[in-house]
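Provided herewith is a single structure, encoded as structure tokens, for subsequent inquiry.
Read from first to last, the chains carry the letters A, B, C and D; within each, the first residue is number 1.
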């Protein structure tokens, strides 16, 4: 099922589970996949920024993607960002052959001008093939590349295979409004907009016209519910749920330790067996673990889903 | 009263109130100052990043600082960051002559190596004079300069006039712990650490050893209470209050529109007469204003201070 | 005489001469000005990157500009680049009142997108006044801001007071060709293009359509002759002269120590009394001085002007 | 023959020859290799910045390295810079198995602090194995990572397998002096220093203590002779030869088109069959080709090697 511009809901960003010794933990991959499906995600994104992709051999990366594709039965987007088009093409070919729904491409952090950005995506599409649906990842906080709405419109218009924006500009609410205005004015065809940025602005992003979320917050079930509530127009309920999680969403947003926090919670929730990262990787200090525990305890008081024990059961 | 390393509480970052036509609004300056004092701040920081300092003539900047110094009766820190040491020295001399408590200096965004950063602060101190207490502003998200704890320790040790760190690294919790560990191990003398970053991590920053906040969130009364509760060891109460404000704290954190949101709320609370920024300045879209209104309404349900009308009365 | 789009020849970038104790050396300013005129420059640019402008008080900066303006009798361009529009406007007003021909504005290094750059120049023109002729300084190596030819065309078209480009993109030969093509195709009105970048590509820049040089190489007499020879179509002669100086041009191009090398040669040539920089400033190591001496000795064998003793006489 | 700290002479940076249709041109690889050996290089570096490595499949990269290793009989250094340690390790293992002499590693452009840089090299060495000799590539103009001499000394001291610095800081003369001073003071063990930066400062770099060059200037025979003359103390002769080439060295230094100019000259000299770059690649405009032709004609008047026709004969 190829990715297209009607995609919506939650495409959860999957981490890569490892054993403490650095080996890939296939059992946890399966278990995590099942958990995601049970939580109601509509898609899964693998090998993204938070998937420790640079630590994976090419063959490992393809195997992980293929395993999740085979098990999940929902569209799988694969991050293929690479410093060279040869590596990007090779990974794209292998995962598309394994039935990925599409790929995601972030710009290299050396790009500056509008034309440089547009040219880069044109060249990337030439490299991977015009028949592969792709997602623009727009994340200036990490990549230092700033794309205006006009630049995004140019990329979308030039490349029919562009079907989605992973929106994580910050601040980015007005950007969503601008893109949707372009669409309503006929200046740009419709694309799907799923929001990243750890979900920190998901409440309002939905109200601005986003179709859902593409992020890996450790309670994807919350993301699913907020997206659903917001789409149903239940504004207060969506914000109530979102706000209950915001202290932890915010904590997980810390660059550098965010992945450690995320994996730690996923381990505590029984979604993966270990919070290990493959070397070189960060780890939470004991103080930080205590802080996350405290946030989980507070969350448990207001959100039944934070009842940590049954999560595993629910997923299986 | 010169700034020293025992400073604590909330040094609120003051915006500069303007009339809609761009003139400085002295009445609002006075009113805002009174509001801050009534809210319980222990100091005020003027001409910072959020004070629209680059739009002020030198004489205007000095006049604003002098006015607030004269009225407030609490220590006033003045931002003197400048691309050249001549301008930095000129402003420092004038505001210290007007009885400022100290100055704050951010590094230019061209610095890269540890030595470059340490050298810069040495040269800055030579420029402003070794008798002027100063604050290091450590804000990599905006300035692109990354200071390790060791670099900060070197600056503190080399420059006896360094008395405070405005901590806004992100993530920065471990940095506070590392600096306090340096102090307890005798590797660095004690300095005051006040936290910026819009207050987004203030709850845990206090628990890591910060002395308070230096930020301009539109409810400084919340900052005062969280700092106090945390210092008193009332952990749950501190977090409860903080979490109630977090959706708005987060909203105000958006770079580029944060100041517009902050001034808008301060206007709605009656603290300043207009949310105008001097040109060139941003403004909230009507959608954004509606989002802020919604957040205020939600806040009012959980926090009596968000009852917007009495705020003015309280300040006067 | 206001600067206009027909400017050509050499607008030499003047350093600021200091006494070893940091005081401004007015006698050397006069002497240097006379030397420049005798060398055949058609204009002078003061307070640029190499003029140590950030170390000058506002009143000093204005006094230096006024002194040179009064003495020179050729158009004087003043660098007014500043982090804030208030300082930019204040300096512009004071130097234009002192009969400067125009001002030069470089973009702040935080700009990224095409629109950000165009907007910045629009706001700058609003700040300084639409009646002040200005020069765009396009120097990505130093400012990290990349302007495409299209962006320059937009700035030129939007702002009738834009009369010149200080071209120092690198590589930049194709940019000159592109801009001249825009002009010939009627897509952009004509502007003067003077080349900086230390003169490293001046030989070919002239052949691509530049009108001259705006740089401060320590032998401005060479720049004058190369520009003249090239304009006269004496290609080989222009290159012969240029190539003889290229080893020293290249040496002076070293960021960080270029100004020290330049001032050292100007002192050795008797143009200024001291090569001192105001603190904080760099200085040549004795090894580096020896290298410059060696290059001067080699140059003296092929270019009579490099015979150092008569230079002073020639200037007076 | 593993690379060690006594390496000297010229390790030429080899481009990757392609057919106009993008296929790798093995015959030109062989011919180019023979030419380099005939020119007197002491080593060859493949898959560097100028080798179009990001456009090569992993298997292609390994095949090219293996082909040159087998034919050359001199030490071959392979660039293994990669965004992830998995790809870096995979390429290292394969080329070391094919008898490469060592590998070269540049830092990712996200590094800022001294500690980050030192940590990165420690992790890289853990990834590739402590038994693989490696070269630090220090090229801030391209990578935006600034390494002080102290940081280099820390990397050298921590990692016994570090045997060489590819020095292309700019300006960098004082850095070479500082590192050699560290060595003479016993603060750092001796390493080989070969200079890149297109050779723009090779004349003085040799005099500061460099052991040779590692760059790909289109006349490597000039590099060989300058290194030899300088090592023999024939200062004037070294500079005379260097200066004759400087206009072209300078032209080739233009980022973005430098490789096109280099391949064009190598094609004209008969070293490779085509100047094609694999897509996406730049190409010289006809004006630029004319400029290079003009520089070659001028060079031919002063340097017999620039007599372009016999170059091929000489190489075979």
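Observations on the model:
As a convention for this text, a residue touches a chain if its C-beta (ideal position, glycine included) is under 8 Å from a C-beta of that chain, and two chains touch if they have at least 3 such contacts.
Model, not experiment: these values are computed from the prediction.
For the self-contact between chain A and chain D, the two sides draw on mostly identical residue numbers; the shared fraction is above half. Centres computed as Cα averages put chain A at a distance of 49 Å from chain C.
Centre to centre, using the average C-alpha position, chain B and chain C are separated by 39 Å.
Work out the mean CA point of chain A and of chain B, and you get 34 Å between them. Along chain A, no residue makes contact with two or more other chains. Under the stated contact rule, the graph of chain-to-chain touches is complete, every pair of chains being in contact.
Within the complex formed with chain C, the residues of chain A that make contact are 112-116, 145-148, 150-151. Taken together, the chain C residues at the contact with chain B in this complex read 53-58, 60, 82-87, 90, 109-110, 119, 123, 126, 279-280. Every residue of chain C that touches chain D in the complex is listed here, in rising order: 170-171, 173-174, 177, 200-201, 203-204, 207-208, 239, 243, 246-247, 250-251, 254-258, 285, 287-288, 291, 298.
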